[in-house]
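We call the chains A, B and C, going by the order they appear; numbering starts again at 1 in every chain.
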Amino acid sequence: MIRIEPRDTPSRAFALGVPLLSALVALGFAAIPLLAAGANPIAAYGAMFKGVFGSVFAFTEMLTRATPLIFTGLAAALAFRAKLWNIGGEGQLYLGAMAAVAIGAGALDIPGIFLVPLIVVMGAAAGAVGMAAPTYLRVKFGADEVVTTLLLNFIILILVQMMLEGPLQDPMGLGWPQSAPILDQGMLPKLMDRMRLHSGFILALILAIVAQFMLIRSVWGFKLRAVGENVAAARHAGINVNRSFFGVAAISGALAGLAGVSEVAGLKGYLTADLSPGFGYTGIVVAMLAGLSPIGVVLAALFIASVFVGADGMSRAMGVSSFLADLVVSVSLLCVLVGGFFAKFRVVLAGKGEVAQ
Amino acid sequence: MMDLLNILLSDSFWAASLRIATPLIFGVLGALICERSGVLNLGIEGIFVVGAMCGWMAVWLGASLWGGVLAAALAGAAFGFLHALLTVPLGLSQHVSGLGITLFATSASYFTYRTALPNVSSPPRIEPFQPLDIPVLSDLPVLGPVLFQQTALTWLALGMVGLVWFVLDRTALGVALKAVGDNPDSVDAQGLSVYGLRIGAIVAGSSLMALGGAFLTMSAFDAFFFGMVNGRGWVCIALVIFASWRPGKALLGAILFGAFDALQVRLQTEMGALVPGQVFLMAPYILSITALVIAARSADYPRALLTPWFKGQR
Amino acid sequence: MTPYPVLQLRGLSKRFGPVVANDDVSLTLHKGEVLALLGENGAGKTTLMNMLFGHYLPDAGTVEVADAAGALQPLPLGHPQAALAAGVGMVHQHFALAENISALDNITLGAEPLWSLRRNRAAAKAKVEGIIQRSGLSAPLDVPVGRLSVGERQRVEILKALYRDARILVLDEPTAVLTPQEADTLFANIKAMTKSGLSVIFISHKLREVLAFSDRIAVLRHGRKVGEMPTSEANEAKIARMMVGADTPLVEREPLAPGAPVLNLSGMSVVGRSKRETLNAVNLSVHAQEIVGIAGISGNGQHALAQVISGLKAPDMGTVAIDQAAIAHPTPARMVKAGVGRIPEDRHHEGIVGAMSVAENLVLERLTEPDVSTGGLLRREDIAANATKLAKAYDVRGPGTEAQARLLSGGNIQKLILARVFERNPRLILANQPTRGLDLGAAAEVGRRLLDARARGAGVVLISEDLDEILGLSDRVLVIRDGQLIEAPTRDRATIGLMMAGETV
């Protein structure tokens, strides 16, 4: 008979071990589609590794790819901590990006020392509004924010297309649906010569540390955790639950908005409707792999960025579809979910005389 | 004003509405069955993709059209079973598991498609379902011309509405399903299996969702392409709340949604010069959110929805 | 015909990890007999019955049930289906009813084939109506159970068992939710059914009803059977001593003159969706140095009253005043600030955040005070020191103040909440079902703390379904019924019981 018992205290080893193991298991599972695609898994893993660690450039590319994932991962992690299901990171990312080009692509020709912070702040604000709206619908009308944020992603993406064929279209762009480029002084400074890595990465790291500190050490974070763990007890204790929701919604949306700012003003320079290959959704996986810990988000984002960048390299070298990366990412989410079960419960193989309870 | 009336009175408009509604009917019914048993299935969007891909690919590989439908249903059932394992006996977060299933199902479909067809510029086509001419029924006034233009899958969807209604309202299985979504202890105390009922409901519901996807590649279109599901699954999750978990209202909600979508396409052609086309494209999603906001306060959620149940803990 | 045994439990033992829930318990139930199983919370009554019913598998021991012919047959253990088939029916304390389907559907659930396309509701209904006629247990059959009263739901639960031809019925604390009069009717029905051969085990900790209605009494303590006797040979003092293992600590209430009013509710109404959420023009004054007991059957507005005093619900009409200062828009934070200490009804759900530490839960209601936080940042050393101090003063035992609060036992969770409430010297204390689910020792501790607070000058609103507790602690008793508060003219149990049932006295 198999018996399942709750563990008294989820052990620290599990907190670190589960995500790590999940990542490895997901990579291991990838051998199946690799074989199905006719590739030698060992060679493929080798190519992936080389695609990330093979050169300084490759490595900085990975860091560049991790940057938006840290932002969207933090966005999901903080909201999920309060049990506010922000699945709208993708949409909020585009809102941030739109704000960035609306301000930065020539509307205001001011020195960079003013323009860059303005772009960052306005992008964050746009994302914040993007999450405040569904939060309002939940608090006021009880409309499930999972569904509304998901649907808003589609609405916002269509809005982006509309803007790129309308007010935000580059007049010099030969009719392509893309925005005018952000002014040079409005771009986030690059970190290294001839590499694409930009200071958005540093901003992401700083925000992760700040988020971790605020979550654990501040009254704000205390309230947020209480609301997330037991909303009835938090309300009974006098915590203003709605204010906590709106606070974390704004911050979560702002972080997702910063992902858009960082992609537009740090990397691409202009906005197109395919700016994000699903960074908002992948951010959810990052947050879950991180166990909703802000510092963990950084590590998880680095891992997932490695998978994506590695798979790109592997795809070029071996002709296997780079959708493999998405497959690994989604499987790692399912693995970490199952791992979470084993962190909370232990399965006892018992002799006769015991029963699952 | 006259134009609008003309549109609303035309057969072709309602035929289009029903056509657009068909995948949603499958999807809402599927979500309804899962949620009635107490489990939210956010895997729906990905299961749509899997259904669309598998149905199409089976036919492309030489199966009959109905063989394709069966392949889609089985694939949907498989992903539903995975979701059921994670959320029922393991009792894991239904939100996260569902999103994980969506990501997994979508990426697995895309990967399979890309691996099978590495170098195609335009997606290969199949011969899809054709409109079905059922004697008598097609001759009905008003309804006849609307139904006459539909394929067998739309008929199947309408039949499913009746079947789901019958099972929920008229059979012992339906009573047990409603009970397990309200209070699993009531079912357990009477010697029925909570796990069995819930897993069964999720598997059955997921295969219906997959049929919604299969309709897209085998009836509405004749090929598979990336991003073709485009949020239809999420729309179903909103509609099921609007439908208060009842099959009849689910049909009504899906057709209203279809009518609205068909209307925006027609308005777009008429008013395209005045308003950017994207405004109309947004409309269905905005409609879904509106429906959700209106229905949410008074919604009578299945009481056990989202709450895991473990044997022997009461 | 001499009564023969219909159920024989032999040497049943069950341990959960280090905890011994049952240790070598043997029991015999005879045909047509009512056996009362007594014991404190945690004595192992429910575990024993769950083994009988197949929810738990015993570590040792056997169960034998008489078949239709009266011969004892071993019952395969760990299979609820087998118990059902052998004619054992159990009515749990928490009803196992689906509220969205009718009573009839609840009763027939699982008894008819799942995969059949046709249902024979008419035949099922006729059978149930026959049972209702014979037993006197009536309930509307075609209405969704969600619309039935608590008493009706309980009868549906019993009908469920009888429909499955139960010959042995186990009732777990059946009167917890009934008025004294409703309970009498229930026992009369049960007595009538035992005449036609039903055998009953009922689990209780209420000595009075056990003495009045059972044929035999078995007492459990710490998982072991410590006594068994015919009811005719038992008396209250004797069984109480057996249950507790010592004489019950008596709580002494000294007379005190009430001081100035600390709580005034006047003309207060709350419009709710159900009876439990509704109050009609309630007036209530509670003074310093006074405990006011609110008696009543659950679901008569206690919930609404507690919500208003906790600040969770603003009244739709009327005013709330604390210390004679009106509170315009009550919120939990404002009530705490005004000096209200709240002991919530559901301590796990509303009292603590289980995933946070004991120390964090101890400061949950006062996050912005200077010894908890400065400049928006938590003072972690002070929070830890506060926890160490309070855990000692209030004897909160568990794996430590930095451990998750959910790991504490029910009694220690209540002590944690008492510590949080009492250390602030509140002017008014709302104690909502403060001893529910606690063992006698812990319950006495709660009573002592409430009396201490009263002696220090606090006013207390004590809401409880346990009339003995109210009579033992309160200076004044009010009865809540259908959202109205009525002052009890006497402290006579029977009179108050009638008032609880809605009769004018």
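Simple rule for what comes next: a contact is a pair of C-beta atoms (placed from the backbone, for glycine too) under 8 Å apart; a residue touches a chain by one contact, two chains touch by 3 or more.
Small disclaimer: the values here were computed from a predicted structure and weren't measured.
Looking at chain A and chain B, the chains in contact with each of them are C. The interface carrying the most C-beta pairs in contact is the one between chains A-B.
Once the centre of each chain is set as its mean CA position, chain A and chain B turn out to be 28 Å apart. With each centre defined as the average position of its C-alpha atoms, the distance from chain B to chain C rounds to 44 Å. Each chain gets one centre point, the mean of its Cα atoms, and the points for chain A and chain C are 46 Å apart.
Multi-chain contact residues, meaning those touching two or more other chains, occur in chain C at positions 55-56. Multi-chain contact residues, meaning those touching two or more other chains, occur in chain A at positions 355, 357. Residue positions 312 of chain B are each in touch with at least two other chains.
Remark: chain A residues 5, 8-9, 217-220, 222-223, 225-226, 229-230, 232-240, 353-355, 357 touch chain C in the complex. For chain B in complex with chain A, the residues that touch the partner chain are 42, 82, 86, 90-93, 95-97, 99-101, 103-104, 106-108, 110-111, 114-115, 118, 230-231, 234-235, 237-238, 241, 276, 278-279, 281-282, 285-286, 288-289, 292-293, 296-297, 299, 310-313.
Those residues of chain A whose C-beta lies close enough to touch chain B in the complex are 4, 33, 36-37, 85, 87, 137, 141-144, 146-148, 150-155, 158-159, 161-162, 165-166, 281, 284-285, 288, 319-321, 323-324, 326-327, 329-331, 333-334, 337-338, 340-341, 355-357.
Interface residues of chain C, counted against chain B in their complex, comprise 55-56, 80-81, 84, 90, 92, 94, 96-101, 105-106, 108-117, 119, 160.
Taken in their complex, chain B has these residues touching chain C: 170-173, 175-176, 178-183, 185-192, 302-303, 312, 314.
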